[in-house]
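When the chains are written out, they are named A, B and C in that same order, and each has its own residue count from 1.
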Amino acid sequence: MAEDKMVQDAPVAGGTKKAGVLNRFDNPWLNWKFLGGAGILGLLFFIIFLGYQFWDTDLALSARAPLNLPPIGFENWRGQTGVPEHPLGTENSGRDMLALWIVGTPRTVFVGVIAATVGMLAGIVLGFMAGFLGGLFDDVIRLAVDIAITIPSLLVLIVIQAVLGRVDLLTMALLISLFSWATPTRYIRAQVLSMRESGYVQMARLSGVPVRDIMFKEIMPNLLPYLSASYIGNMQGAIISAVGLEVLGFGPQRIPSLGVAIFFSIEAGALFRNMWWWWGIPTVTLSVVFIALLLINLGLDEIANPRLRKAN
Amino acid sequence: MGGISLNYLLRRLLVFFLTLWVAATLIFIIPRLAPGDPIAAMVARLSYQAGFVENADLIIEGWKERFGLNDPVYVQYLRFMTGLLGGDLGYSMARFPSTVTELVGRALPWTIGLVGISTFIFFVVGNLCGALLAWARTPRLVKVLIPMSMIFTSIPPLLAGLLLSYTFAFLLGWFPQTYSYGFGLTPGLTLEFIASVIHHGILPAMAIVIVTFGYWALGMRGMMVTIEGEDYMILAQAKGLKPFYVLYRYMIRNAILPQMTALAVSIGTLVNGVVLVEVIFNYNGMGTLIVTALREQDFGLIQGTSFILIVTSALAVLIIDLSYPLIDPRISLEGR
Amino acid sequence: MSQQLNPASLSQTAEGTSQPADFASRMEGERSRGKGRKDRVVLKVDNLRIHYATPQGDVIAVSDISFKLYEGETLGLVGESGCGKSTTAYGILQLVQPPGYIVNGSIEVDGTEVLDLEEEELRKFRWTGLSLIPQGAMNSLNPTMRVKDQIIDVIEAHEGKQSDKEALRERIFGLFQNVGLPNRIYNMYPHELSGGMKQRVCIAMGVALHPTAVIADEATSALDVVVQRIVAQTLIKVKDEIGVSLIVIGHDMGLLAQIVDRIAVMYAGKMVEIAPVENVYAQPLHPYTQLLIDSIPSIKERKPLKITEGITHDPRNPPSGCIFRLRCPFAWGHCAEVEPRQIMVEDLHEVACHLYDEQFHERRANALATIANS
């Protein structure tokens, strides 16, 4: 069409004098926080994978190594120096710290993944029920959420574990998941409520689309970044609970996870004996995991909420 | 100021009392759901630790009689609940003549103090940092420094406690490593005692603050960004109000309301963290009491301490919930 | 249907117009005053250009607009959604929000160049020089501040802390009276007020400091018809009492006809015509204005909507020459080559269209003939 041609012929006005504005309109998933966090976790697990291939993980069992050796290049209070056989040192029951790290890190993350997944699934079901069905469902679920969020979960878990004694990791994960449904439920309910009121969902309802289709075709895809962020947050919470319980002495004792290692080190007074590698390696590893999860979470937040992107 | 509507008040009170009821019931039921007999298990553990226990059967019978474990469950439940209502949490099994109420009464103020002060600090600092992050007039340097200070955000307070304790107490020796006040001091309103309490409290409080305030800063920044897009912000700009006035009266004032809601929601998590920080610093509050009780297999004390901490958390949530209709004029009308 | 594109209106002669009579009569009856005193210019906008930055290039929101506002005058700024009328207002007020920015231009208020003001000078100038009655008063008031505090803060920001609280109260009651608000709302919060009341609070606030000019941005759009009318009347009454100049931005030609002295018509960021209100309705000159006037619904007859004809252009990439030529029924080659300038056809009446260039008077006659035949 002639008119189209005229439009094309017209001179380009403005131009890209403000290049900085460009980035925010790019693919939202190319978010440096999200990618950075995922990258850190990926790298961590790649190293652990290599560790499983090339290091003897049986050294994580007690009495497989000399006691209380420092990492290479350091000296312990007895004047012993680190040896290449145990590059990250050993602790006071003769576990090799490197092997313990290789074995313990995935075990800690495992608890988080299981607890977060179970809690999240419950949260999705309850949140959608409350937000979409409303009425009595909503009242009861809201009340339950309010109560569950108020109660500090660690205290009830302590009571449970005081009765059960030490448990394996899966049981611990499932126990933690008993308390990790409330936050996702609350969050998802709020999101579903606001989406239910939005124009396009109202439209779909008016045109007779079945409720299930509205949930899974209209609401779910839009909730995806929110759900992911909520899932990651849930994982952080679950790992914090797990580490807390482990530090109180409730973790598996034979093959320790990172939290259990910290428990042992505190019990043995590692803080006073300057055996920093004993508690320090688990602490730093956990911190890295948490920082990575936070970065992923922040990235997902920005992906879900374009306004935050603009604010950067 | 509309004040608090009856509907809102009733709902918050309902949640409060239901929370107490659920917590009490859980604490009552859990030991009874466990496989085996809790008293027998406890004696078994005691005997394991002590080597042997003479007349174990008699002891078990004696304990059961004492604790009324031979009565039907509902009788036990009613007795347990009426005991709680009267503030009677039973005896500590390990330190027999002491009641749980006594031991908790000694530990609770320390925990409340620690939680209260650290909450005050992270809430104020966090929201201020968040507001400054979002504010257009904040100096560039500050906008760079604040995110850097948030590096510890999301780490469990327990781990931050370990790092702080090692760095500032063990290596540098600036602060004491354990306990809530110096040995040999008598608690009282003396300058020396107060100074000692502050000196001992700084690291535990910091352990909570440095991992927490970043969350509040991020939340606040998000709220501020939302509010910056509101129509009333454009009008505030058009009105030629002073920038600082706009910041606190238009932006922070409106952004702080959701933050208050978030605070109420986060109390539970906060208490979890404080319990563990106390353990790291051997701070003589509720957390340390629980750990001691765990070590001594003092089940009555574990139950009592947990319950009182849950009550305290629920009370804190109730207070926050009841206070923000006072700062948000809209809540009272809507009834929520 | 001969009224749709009135041939007579193209002929530049004032006589023989056949616009619906009801407009003229209603205007005469209800419109506030005559023309503003045109002896003194209070606001002079020159070549104002505002862009919005996007990754695909800048969107031209306002393109080299110039106009004057006279003392005591009410100027209406109209055009369809997205034509840049609100952006123009926000540009004049120095309130363009990123990614929008002012490219060039000059805005003089009482002889002061607003664009040159330093930050603190600008702050002091705001509301005393130009004030705003915002679009959609629903969210324009701070939800956590009492009505009185929102009026007091603007007074204290510009006149310093008021020590005489009693006088301050009386002053605010006076403002309430001006806009017909009851004193009981003094201590209320915005959520306790109706939409119309909120809009009146905004009007009271807008005139609180007796600014040189007030800009009302779609001030009545969110209200229902009855309240709309009352608020519009309030606006004009207050304006006359206080003696400020007023720019009213809107898209409701019918309502504007009743309250303004002159109308400026915008299309795609350009000012296409600016004229006394009687001329615009009786004798619209620019082809776009003609379409716009035709689009006013009438109770007496059903008319097909004309304004949908033609295509709109990409705002990043405007057509060469005249901005309206893609939709214009009279466009010819020249329109694609040369951008029309504002032609003064009569006192206070300017139009940006080549048809009114004397060298094209033949073409104007042909256009008239075409319309007459259709």
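Operating definition for what follows: contacts are C-beta pairs under 8 Å (C-beta built on N, C-alpha and C of every residue); 3 or more make two chains touch, one makes a residue touch a chain.
Treat the numbers as computed from the prediction; the structure is a model and nothing was measured.
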item: Pair of chains ranked first by number of touching C-beta pairs; value: A-B
item: Chain located farthest away, centre of subunit A as origin (C-alpha); value: C
item: Whole-Å gap separating subunit A and subunit C, where each centre is the average of the chain's CA atoms; value: 54
item: Separation of mean Cα positions, subunit B and subunit A [Å, integer]; value: 22
item: Inter-chain centre distance, subunit B versus subunit C - centres from mean C-alpha coordinates, in Å; value: 57
item: Subunit B contact footprint on subunit C (complex, rising order); value: 90, 93, 95, 97, 122-128, 131-132, 134-136, 138-145, 153-154, 157-158, 189, 191-192, 202, 205
item: Subunit B - residues contacting subunit C, complex; value: 230-232, 234-243, 245, 249-250, 253-254, 257, 327-330, 333
item: Interface residues, subunit B side, partner subunit A - complex; value: 14-15, 18-19, 22-23, 26-27, 30-31, 33-34, 38, 41, 134, 151-156, 158-159, 162-163, 165-166, 170, 177, 218, 221-222, 225-226, 229, 265, 267-273, 275-276, 279-280, 290-291, 294, 297, 299, 302-303, 305-306, 309-310, 313-314, 317
item: Contact footprint of subunit B on subunit A as seen in their complex; value: 143, 146-147, 149-156, 158-160, 162-164, 183, 186, 236-237, 239-241, 243-244, 247-249, 262, 266, 271-272, 274, 276, 279-280, 283, 286-287, 290-291, 293-294, 297-298, 301, 305, 307-308, 310-311
